[in-house]
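Reading through the structure tokens given below for one structure.
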Amino acid sequence: MKQISPDQLKDLIQGLQYRGYITIGPTLQNGAIVYSEILDINDLPIGITDSQKPGHYRTTQTNSNAIFNYVVGTQSIKRFLYPPIQKIFSAKFTEKKIEIQELDKPSQRYAFIGIRACELEALKIHDTIFSKSEFKNSRYTTLRHNSLFIAVNCSKAEKNCFCTSMNTGPEVKYDYDLLLTEINKNERHYFLLEVGSEKGEDIINEFDFSDADESEINEKYKVIEKTKSQIEKFLETDGVKESLLQSFESPVWDDIAKKCLACGNCTMVCPTCFCMTVEDYTDLERNSAERIQKWDSCYTLEFTYIHGGSVRVSVGSRYRQWLTHKFATWQEQFGTFGCVGCGRCITWCPVGIDVTEETTKIKKLSQLQTTSLEEL
Amino acid sequence: MIESLEKVLVQHPFVEGLKPEHISLIVGCAKNVVFEPGKYLFKEGEDANSFYIIRSGKVALEVYSPEKGSIIIQTLDEGDIIGWSWMVPPYQWKFDARAVELTRVIELDGNCLRSKCEDDQSLGYEIMKRLANVFDNRISAMRMQLLDLFGKS
Amino acid sequence: MQAMIPSSYRIQKFIKETQDTFTIELKSIESKNGFTFEPGQFNMIYIYGIGEIPISISGDPNKSGILTHTTRAVGIVTKEMAKLKKGDIVGIRGPFGRPWPVREAVGNDIVIVAGGIGLAPLRPVIYHVLENREYYGRIILLYGARTPQDILFRKELEKFRSRLDIDIIVTVDRAIKGWTGNVGVVTTLIPRAPFDPINTIAMICGPEIMMRYTIIELIKRGLGKDKIYVTMERNMKCGIGFCGHCQYGTEFICKDGPVFSYKEIEHLFGKREL
């Protein structure tokens, strides 16, 4: 384990840029933490902290010089590896054939700075879906393969965090190239730096970073323990799959439907949601056409449209699909939960619907074998 | 003659499983009838004096309209039964039944059957249960027909 | 993503089947290798600049030179397709999906129950079993159409019937003058269809309601739930398990289906808004 100063972190970022990486890190935009290209350490949200509750998100400027003193921003790095709008091909119509022009293989190499344990776990889930299934999303696979992941151990938790329940954090344990732990103690601000891959090793070999001593190393575990102790939200995952699968007719769905606006925010901010739709366009004279894919949400009525009508008409059925997918059917499909406990869906729900509360309610009802919400 | 009718009758799904004493009761009301293609078993408005058990062939239940002629509502064949109007007042047929193919039936006299069912109500209940099963299947099928499943949604 | 890129096919023949259904026969422009598929699989068909939809393959799996699709003009894309003519070009991605269990069915009686346009995805099964006739027991097709004019592949059905080694029973929901065949829903044909229930594989395709009642009748006849196969339909945008639209409980209809045994999906089948 190494220890580096903020200036050395600045050098590290520059070093990545010299190596041709597009450096992506947290930035403050319109009052929220957003992953975006950074050119310099000063682009990072120095002194910014956040507060998150159901349906609530605020950032504030503090006097601290801490860089990573927030939990998770509006969106994960999903939008870089699996963009919200992505052209699939463009096409020209000729007498001979439909000439398809495929997109070039993506050449950009991203270095993601500041990504959290839960976000790495989400990345692993996307790897399973996009790179390990029968068909592959080659664009995602290439981009992801060429990327560098510099993770950060969370130094605080917020009200919506429940990574400990999902067993995804807060400690970053694997799948990183480099790992930072920010220490801000006794007027001293520094980062512990660990190497998790050959790629990461290769990069720090260029620098003359000094080793961390035992007391510094201990600080890492103090940070993790402190963060863990701040996590209040809890979701009992044992049996959640079974209870959801048994609760197809649960009164909870109608109850949620009274609040849920079916806006789809939860699916847009979710780091694992992967549904998309495909749209075809032509110019007015039909000389050229293109097909794009766009993130889609299972909360829309169009999502299940087959000729004659949509299958999931009620809002309750759409919420049920989403929640059941995340915590039950996802396991059958991909071997894990579709949730990493980042809490974004709770934070960005305009009416503050909380997945941990709803799953708990469903579980209790199925255990009590009652259909009365009042009995809870 | 009676004996062979009994043999034929017990093989029919409608009668299958009926107690021997009940079978011999209804055999007394039965006779073998053959309808050539195009011949009517009965017509709408006529007195409903018979209950038909189809042994083979095909019968169309129809209703006549002046503009469209006879419209087939349903076809029935081997294993089916036709007609329960003999059981419900005013004992009149509400539809036409026409043999589409050469059709062999066992015709049970409605009056005879009705009085035997009245006299031996355990037979009556057996017949009713079997008819209820037929009603159930016909109504389900009719409801599906009404849905026009293969039409434009 | 190669599976997301359509390749060009030219229409060799456009056949108007009934008032609102049609068949297109296609030949690859880009490849000479022909098109191989298994009965029950589907393609994503791209109409240039308009859109793309999944349509099952309705042709003979033994004839790889020609790719055949039969569909009904109901949506934006299929209505556009209905205007196509010989020489026109469409884009094709596929074949996708799990096929009908024609291999598993070897040695069994085969009961095919089709309703309306549902005969199209089952026609490759008929071709297959008739071409491999000695491997199967009795072959029975029960087909329900709306009216006599809506009977799909009518000439071909008559030709099949003349082989004498397949029982084809057709019924219509609404008769017209001159129709001497059966009238009534297709499920009414099941109780007396000549198959051996302990040694039969059933394959059903039609509207979900029709499939539900067909299953009830087949089970009444003594068929096991694992011997009854259905093909499911849901919204599909990609065909390869990425778009998420066709999820049906744990299943992706595009890649885990569209053909499922009833046993596999009994817990999902008929559930509302799933």
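The chains carry the letters A, B and C, assigned in the order they are written, with residues numbered from 1 in each.
Everything that follows uses one rule, which is that a contact is a pair of C-beta atoms (placed from the backbone, for glycine too) under 8 Å apart; a residue touches a chain by one contact, two chains touch by 3 or more.
This is a predicted model, so every value here is computed, not measured.
A.B. asks: Of all the chains, which has the CA centre nearest the overall CA centre?
C.D. replies: C
A.B. asks: State the chain with the largest centre-to-centre distance from subunit C, centres being mean CA positions.
C.D. replies: A
A.B. asks: With chain centres defined as C-alpha means, what is the inter-centre distance between subunit A and subunit B in Å?
C.D. replies: The separation of the two C-alpha centroids amounts to 68 Å.
A.B. asks: CA centre of subunit A versus CA centre of subunit C: separation in Å?
C.D. replies: A distance of 41 Å separates the two centres.
A.B. asks: I'd like the Å distance between the centres of subunit B and subunit C, where a centre is the mean of that chain's Cα atoms.
C.D. replies: The mean C-alpha positions of subunit B and subunit C differ by 36 Å.
A.B. asks: Specify, in ascending order, the residues of subunit B that touch 2 or more different other chains.
C.D. replies: In subunit B, the residues touching two or more other chains are 153.
A.B. asks: Which residues of subunit A are in contact with two or more other chains?
C.D. replies: 307-308
A.B. asks: I need the residues of subunit C touching at least two other chains; which ones are they?
C.D. replies: 74
A.B. asks: In the complex of these two chains, what residues of subunit C are touching subunit A?
C.D. replies: On the subunit C side, the touching residues are 1-8, 29-30, 46, 48-52, 74-75, 89-91, 233-235, 237-238, 240-245, 247, 249-250, 252, 255, 271-274.
A.B. asks: Residue numbers of subunit C touching subunit B in their complex, please.
C.D. replies: Residues in contact with subunit B: 20, 74, 115-117, 144-146, 150, 171, 173-175, 177, 179-185, 187-188, 191-192, 206-207, 209-210, 213.
A.B. asks: Please output the residues of subunit A touching subunit C within their complex, sorted ascending.
C.D. replies: Answer in residue numbers: 88-89, 91, 93, 96-98, 100, 102, 129-130, 133-139, 248, 274-278, 280-282, 286, 289, 291, 293, 296, 298, 303-308, 311-314, 317, 320-321, 325, 329, 332-333.
A.B. asks: For subunit B, which residues count as touching subunit C in their complex?
C.D. replies: By the definition above, subunit B touches subunit C via 58, 60, 68-69, 71-75, 77-79, 100, 137, 140-141, 144-145, 147-153.
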